[in-house]
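Letters are used for the chains, namely A, B and C, taken in the order the chains are written, and counting of residues starts over at 1 for each.
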Amino acid sequence: MIEVCAVSHGFVPVGDGESVVPVLKDISFAVEAGSFVSLLGPSGCGKTTLLRVIDGLIVPLRGEIRIDGAVVKKPATDRAMVFQEFNLLPWRTTIRNIEFGLELHDVPRRERPARARAALQKVGLERFGHYFPHELSGGMKQRVGLARALATNPRILLMDEPFGALDPQIREIMQLDLLKLLDAERRTIVLVTHSIDEAIFLSDRIIIFGANPGRILTTIEVDLPRPRWAKDEEIKASSTFIAYRKQIWHLLKQELQHTEGA
Amino acid sequence: MTETVKLDVGMGLARPSSHSVFLRIWRSHRAAISRLAAFVVFFGTWEWSVESGLISPLFLSSPSEIVLRLYQVFADGSIWQHIEASGATAFWGFVLSVGVGVPVGVAMGRSPLLRDTLEPFIMAIYASPSVAFLPLLIIWLGIGLASKVALAFVGGVFVIIVNTEAGVSSIDRRLVETARSFTATEAEVLFKIVLPAAMPFILAGMRLAIGRVLIMVVVAELFASTAGLGYLIYQAGALYDTAQLFVGVVIIATAGIVLNVFLRWLERRVAPWRRAERLSG
Amino acid sequence: MSANAMKPFGCLVLLALCGALGAAPANAAEKLRFSIPSLSANYAPSFIAMDKGYFAEEGLDVEFVNAGGGIATPGLISGTVEMSGSPASALSAIMRGAPLKIIYTMSESTTYQVWSTQADIKTLADLQGKSVGVATRGDTYEIALRMALRNERLSPDAVGYTAMGFGSAARAIIESKSLPAVVLPSYDVEQLRGSGSLSNAHLIADLADKVRLPYNGIATSDRYLQSNPDTVKKFLRATVKGVAYMRAFKDQTIQILSKYENTTNLRGIDVDYTEVLKTLTKDGTVAEAMQRDDMEMRASLLKMPADKIIPANRVYDFAPLREVNAALSASGWKPTP
């Protein structure tokens, strides 16, 4: 279980040693083990920064993260991140990119190829093990990013707008594939996204952020039945789905107009 | 029965097979033919201008004389001691340049403070005529291999430092962040991200350094040498043995070309993705 | 007091192939360039000719260019320099077919000395199998040492001749004692002694008395000789007057040298002057026997078979000089301080 406890963070602009520009203000929430939570909000609301705080890449100015009671001080092997720009090493083949995480987690050399291949299979890219990233399409690259994360068998998966760099149709296919993949496993997922539809479709719970400074506006429980990937078109056309979307959009619209107008 | 249209692979157009052989040869080997023609024109003009007396043989040898002399020095084996002498200097000078230049470049690339501190000194020495250091090096290290290797080192190391630093500081920070998110230590970041990412730049630096090292080897043999290709060149010049002079020049130039080609090949092998990056934009 | 200044070393103008071949208009002063490889008493006659106006009297506007044989000889051939003070370098080129002539020989021996930094090397015989520093391969330092060795019935090839260059690199080599022995002109010896660089070295041989060879002088191109014969004679006449002055007036010469060499080391100049004076030829010519001996020694260096050596009259042309000498002595001219 992830506990975010009164996290505040900001940065000091270059040249101005005194003032701090606030990015996150007093963020607190909890994520139950095994649940899928989305962090949704406009640009500048600090959700990306928050994800990195949870991972341990950033130490917040105030507050802390606790995972199963232990305070997070730096990245650890029980969690893995998937990035919007894929961040694959261009000089490694697909299979070697997947092994990258295993290497850094000190998994014994003998075990790495098998685990990497298994992850590769899970994302459906068995034939592309010896390709280089520049030979793959955007969607394929992200699958590799996902495989890299999954190969390390993390209890917690942190995803930073993972489908943001893909075109809309591929994006929706990837959402389906993600759900299919995660169905069989019990992992805790925290996903950062811009897309209302994506948040509703994928998550159990959506935490909605406002910007300037980043703070929680509200939390919405998504009460749609699982598995959702089999009947995706039905679900997306359902009135419940549409109602959620309306609700969230109103909230965000207000927030955006408020900040744009101000 | 379906008709098959014969396509000319190079042009993508249907072509009647009655076109002349020569035209076909030309089209498929354009680059090679024009290069060959340029060669012939260049060497032909050179040969003629010396043979006809337009240029005094005191100052320029004809290609045929040079080839003849090349054959002679290799046939009687007299050239090997000079190749070995210059080769040893070049080898050690280059190895030291890389051994010192890469770590310094990496350190400067990773630490802005170090870079800002060292940069003015490095730029100053980089821009100075290295020849000026030779007398100083002779006083410190004598006239043997050491002072020559030192001068070759000075010639090559700064190119490598500059290129390595550029490579290291231009790496995608997101990759470093990714490695950190997978719990990488500083050492792991260095060896798994920084060095592989900077490798194309490092190789480019090495390619440039080879040229400078070779030049410095010749310069170092200007004074107090008893063997080496540079020594051969200077001696031949003093004694107006122009064919010998050009033999030395040709051998050094050939070495430079061969090493350059090799390193370019290495660059391509190590970094195929960079060409794709540049092509796809 | 002429405004002609010494060009800095390595004057690139020389290498520009824009040879100014023709003479200047007859009524204006004739311009010509004379290359001088080093500042020492060897070139005192030229400095005197400049200083006392002997060049000006002849209607010559002479420009001294600081350049060694390696640059002056190509300069002669291309026409960017009309007269060269490095005849030895021209000689090597002439023997390979260059269209040049030596028209004046200043000295018939050198002021060279052989110094060693190793205690076990005491005579020329001890040099066998060792490396000896000279300025450049095949230069007069090497020729003089070879002759000295030959005269002692030692093989000239038993010694390794190593080029040290001039200037700071040579000093560095000498000071670091990297070579067992070096050949130095007496002027350099004085300077190095003064700066303490020779503190652990000792003299092995003074070549001034041991060998006789043509040394220092003036070379010019065949083309210039043919197109400007009168200018050549004027230049020679001014030089001959300079030599006479040098012989006659020691103190004044030393003053002039001090000015042109831009140094106040009068004692060093004095020694240099005395040494050079001893080596001067009587009238600027040398006997054919000496010419041949020198050429044969060079030929062995150039790996030229004896039958390929060109006759001496294709190298030396003293005819203009002889005319000048005859006319001058007939006129009874004497130098004045």
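The definition used in the following text is that a residue touches a chain if its C-beta (ideal position, glycine included) is under 8 Å from a C-beta of that chain, and two chains touch if they have at least 3 such contacts.
Values in this document were obtained by computation on a predicted structure and should not be read as measured data.
S.K.: Could you quickly compare A-B and B-C and let me know which has more C-beta contacts?
M.R.: Between the chain pairs A-B and B-C, B-C carries more contacts.
S.K.: Pick the chain whose C-alpha centre of mass, unweighted, sits closest to the average of all protein C-alpha coordinates shown.
M.R.: Most central by this criterion: B.
S.K.: Taking the mean of the CA coordinates per chain, how far is chain A from chain C in Å?
M.R.: 85
S.K.: Would you mind pulling out the distance in Å between where the CA atoms of chain A average out and where those of chain B do?
M.R.: 48
S.K.: Based only on mean CA positions, could you tell me how far chain B sits from chain C in angstrom?
M.R.: Using C-alpha averages as centres, the distance is 41 Å.
S.K.: Quick check on the complex: what are the chain B residues that touch chain C?
M.R.: 56-59, 134-136, 138-139, 142-144, 222-226, 231, 234-235, 237-241
S.K.: List the residues on chain C that touch chain B in their complex, please.
M.R.: The contact residues of chain C facing chain B are 70, 74, 77, 92-93, 96-98, 131, 133, 136-139, 160, 162-165, 168-173, 175-176, 178-179, 301-303.
S.K.: Within the complex, which stretch of chain B touches chain A?
M.R.: Going through chain B, the ones touching chain A are 172, 174-175, 177-184, 188, 192-193, 196-197, 199, 270-274, 276-277, 280.
S.K.: Which positions of chain A touch chain B when the two form their complex?
M.R.: Residue list for chain A touching chain B: 55, 57, 74-77, 80-81, 83, 85, 87, 89-91, 100-101, 103-105, 132-135, 152.
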